[in-house]
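Have a look at these structures, which come just after this line.
Look for subunit A in each of the two complexes below; its partner is subunit B in the first and subunit C in the second.
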Partner chain A sequence: MNVLEEIKEIISEVLDIEKGEIAEESYLIRELDAESVDFLEMALSFSEVFGFEVQDDFIFLRNFQEYMAEAEENGLNINSLLCKKYEFLSSYRVDEMLSDIKSGNIIKIKDLVSYINFYKK
Partner chain B sequence: MKRRVVITGTGYFSAIGNNISDVIDNIKNDNINESSISLERDVKVRVVDAFNVKDFTGRDKKVKYLNRGAQFGVAAALKAFVNSGIDKNIEKAGLITSFGPNLDIGGEINSVSNGTISKKDLNALWLLRFLPNTATSVIASRTGFHGENSTVSTACASSLNAIGEAFRKIKDGYLDVALTGGGDSRVSYGGLLAYEMAGALSKSNIHRPFDHERDGFISGEGGAFLMLEELSHAQKRSANIFAEVKGFSLSLDNTSLTAPDPTGIYAERSMRNALSEANITPSSVDLISSHGTGTNLNDDVEADLIKRVYGEQSKAISIKSWSGHLSTACGALETSLSIDFMRSSFIPKIRGLKNPISDINFNLKNTDESIETVALQNFGFGGQNCALIIKKWNE
Partner chain C sequence: MKFSGKKILITGGSSKIGLGLAKASMEKGLFPILTYRNDNGLTKIKESLEDEKFYETLMLDFKNPEVISDSLKSFSKIDYLVDLVHGNMETIVANADLDKTKEYYEENVISRIVLMKEISRLMVKNRFGRLIYISSIAAHRPNHGQGFYASSKLACESLYKSIGHELGKKGVTSIVLRPGYINAGRAESFIGKFKEKIIKQIPSRKILEAEEFVNTIVFFLSDESLGFNATDLTIDGGFSFGKSF
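Then we have the complex of A and B:
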């Protein structure tokens, strides 16, 4: 199974939803209704399945807004600070997120895939 | 004006069936779902057939945090909720539940050695499967109840205790509606080992309460919930009223951690106080649903108690002789079944009873008989005594 399929499998189990309801472009919180307790379960299962310790703060972008504020306060470029903090995200994807953030939480399934692919040995 | 409290919904699961027609058929045909689990000997247990909690909850990510006993509780609560026809979002709707400890240590945890627990197959939040109030939260999320709540834990008195607390919350005006009951399963290696080492399980694998040959109980599993409601609230929505809760009382022995006080004086106090709250005499009780565990100590004390409070003529049953002992959930099952027995004019015999230890009127044959008032009693480890009086609704 590839990374996307493994992730879908885990998320369908944690959220008790059909695998078919989960797509690369699905929003994890906005559409699939995941909440912080679910992140704990997902991070634990990701770590087990992919064989390295998944940091739930990072994979679920828990500090995204704080980093935005930090860049603003210090007069830094928001995109480059976020790219430095979240090495697994492309600059293009970060821009996409910044333009989307007003509509709600930005994490999509494809971001989890990026994280796993980036750190997986 | 005094607020009256009625029962407008029930839902239950047990080894003798999950609805009254199955229960009565199974009692008449002596058909119990029994199997065995091997400790150092084979221990008979009474289990709920083909139970899948998701048949009642549908898909729900919270269900993975429910142990088997909690699953019975949640499923029973949802059944009682639907049965009552109550709407979600009633302002003064509460949950008074009862759940015990999860003793399925071996089933929950892959391995423990030298104090280290293997993390294999554990959820991140595995602790929720051990917390007694997890089921209460799941029930709340499914019913939309936001009012007063608690998860009562008084050993085998727990769920009768919870029903009584719910009764008081409504009677005293803190709630208009309360979903109350519990679920439990000690049908696991850990649960049975605990009871076996405590000497409570029948060595002969025969549960025969109040019999000279009795030697303990058979463990059962299941759950039961009831919807309690303030009378005018129920009448306003034209609810189907099954019974009224008339009286309730609790007491403490302050003696042993497991055995009942041999004189039974505090248990007697709880029974008499419940009668006096119900404002009835002992002779107007038609049926006593005994604790009836079939242990040497309980039955001696309890037979004496029944005779002292109700006299020789009083009719007594032991629902545990059929369902097995549901531990914390026994009182809710016994109350729910008592309501259904009243509504069906049926009184089950005490299964296995051949040589009674007392001359009180133990029911030795299944009978079709009208019953109006039932007194229920449960006595928990730790000397926690509970009594409840219910009356069939005829008004």
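Then we have the complex of A and C:
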């Protein structure tokens, strides 16, 4: 099973929803209604399945808005700073997120896939 | 009584209540893991449980929060936690020594946060867990000199209740028990000296024996008690309700 399918499998179990309801472009919070306690369970399962310790703070972009503020305060380029902090995200994806952030939480299933693919040994 | 889990971690495993709980839980088919912090504690456990086979011991030193996670690494499943251990610090607030105070909170609050975090993560992974924190009525009615003890107990109470609130949907629940006078541990010699005086202040006229409290804990481990979550319960014969005079 590839990473996307494994992730869908875990999320469907954690959120108790059908695997078919989860797509690469699905928003984890906005559409799938995940809560912080679900993130904890997902991170534990990802760590077990993919064989390395998944960092909750990074994979779920917990400090995303703080980094945005940090860049603004220090007159830095927001995209560059976020790409540095979240090495697993492409510059294109970060731009997409920045233009989308006013509508709500930005994490999509594909971001989890990027994280796992980036750090998986 | 039914029990959804099997493995029960008991902190303060060499105490009278810890040992009593180990025996009572084994009778119910559970598997206790008793923690100790020095050789004396381990010897006490081994002597007290010499006829028993189905238990484990674990060295867990609350004085060193950094090593608590490592000490728990070998466990992939713990279904119950009964947290009995709590240090004492008796001094009036105006006399507090800053270094000792920091040390006290590190040992009794910070270390416990590490313990709670590790255990509750294991429980979420297994979609079941029950945490019982043994507090004290002193948490909300401290005597002079018990301010630090009470405040650290209240901090832990709140954290335990939060776990049950936050992780309830993952099958992890918690309860805080606040016993009054129990004929065990630090209170034993005090009760020995002032028994008559104490009894007069307890509406039910009864000081709880360790064995009775152990049975109460066993009930709160059982599936029948799982509706009690993220809450505290006082077990003091009515001592802390109403005015004494």
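The definition used in the following text is that the second predicted complex is superposed on the first by the 121 of 121 C-alpha atoms of A that agree within 3 Å, B and C clash if a C-alpha of one lies under 4 Å from a C-alpha of the other, contacts with A are read in each partner's own complex, and residues count from 1 in each chain.
Going forward, a residue touches a chain if its C-beta (ideal position, glycine included) is under 8 Å from a C-beta of that chain, and two chains touch if they have at least 3 such contacts.
For clarity, every value in this text was computed on a predicted model and none was experimentally measured.
Engineer: Have a look at subunit B and subunit C on subunit A after the superposition and call it: clash or fit.
Structural biologist: With subunit A as the common anchor, subunit B and subunit C collide in the superposed model.
Engineer: Given the touch rule stated above, what does A:C83 touch, subunit B (first), subunit C (second), both, or neither?
Structural biologist: Touch partners of A:C83: none, neither subunit B nor subunit C.
Engineer: Based on the superposed arrangement, let me know which partner A:I29 touches: subunit B (first), subunit C (second), both, or neither?
Structural biologist: neither
Engineer: Is A:E41 touching anything from subunit B or subunit C once the two structures are fitted on A? First, second, both or neither.
Structural biologist: both
Engineer: Answer with first, second, both or neither: which of subunit B and subunit C does A:I17 touch in the superposed model?
Structural biologist: first
Engineer: Examine A:V3 and indicate which partner it touches, taking first as subunit B and second as subunit C; both and neither are also allowed.
Structural biologist: A:V3 sits against neither subunit B nor subunit C.
Engineer: Have a look at 98-106, 116-124, 152-160 or 188-196 and say which bit of subunit C overlaps subunit B after the superposition.
Structural biologist: Superposition on chain A puts subunit B right on top of 116-124.
Engineer: Residue by residue on subunit A, keep only those touching subunit B in one complex and subunit C in the other, then list them.
Structural biologist: 37, 40-41, 44
Engineer: What residues on subunit A touch subunit C, complex-wise?
Structural biologist: 36-37, 40-41, 44-45, 48
Engineer: Show me the residue ranges of subunit B that touch subunit A in the complex, using the header's touch definition.
Structural biologist: For this pair, the touching residues of subunit B are 59-61, 63-64, 123-125.
Engineer: Could you please specify the touching residues of subunit C with respect to subunit A in the complex?
Structural biologist: Checking each residue of subunit C against subunit A gives 121, 124-125, 166-167, 169-170.
Engineer: Report the residues of subunit A in contact with subunit B in the complex, numbered from low to high.
Structural biologist: 14-17, 37-38, 40-41, 43-44
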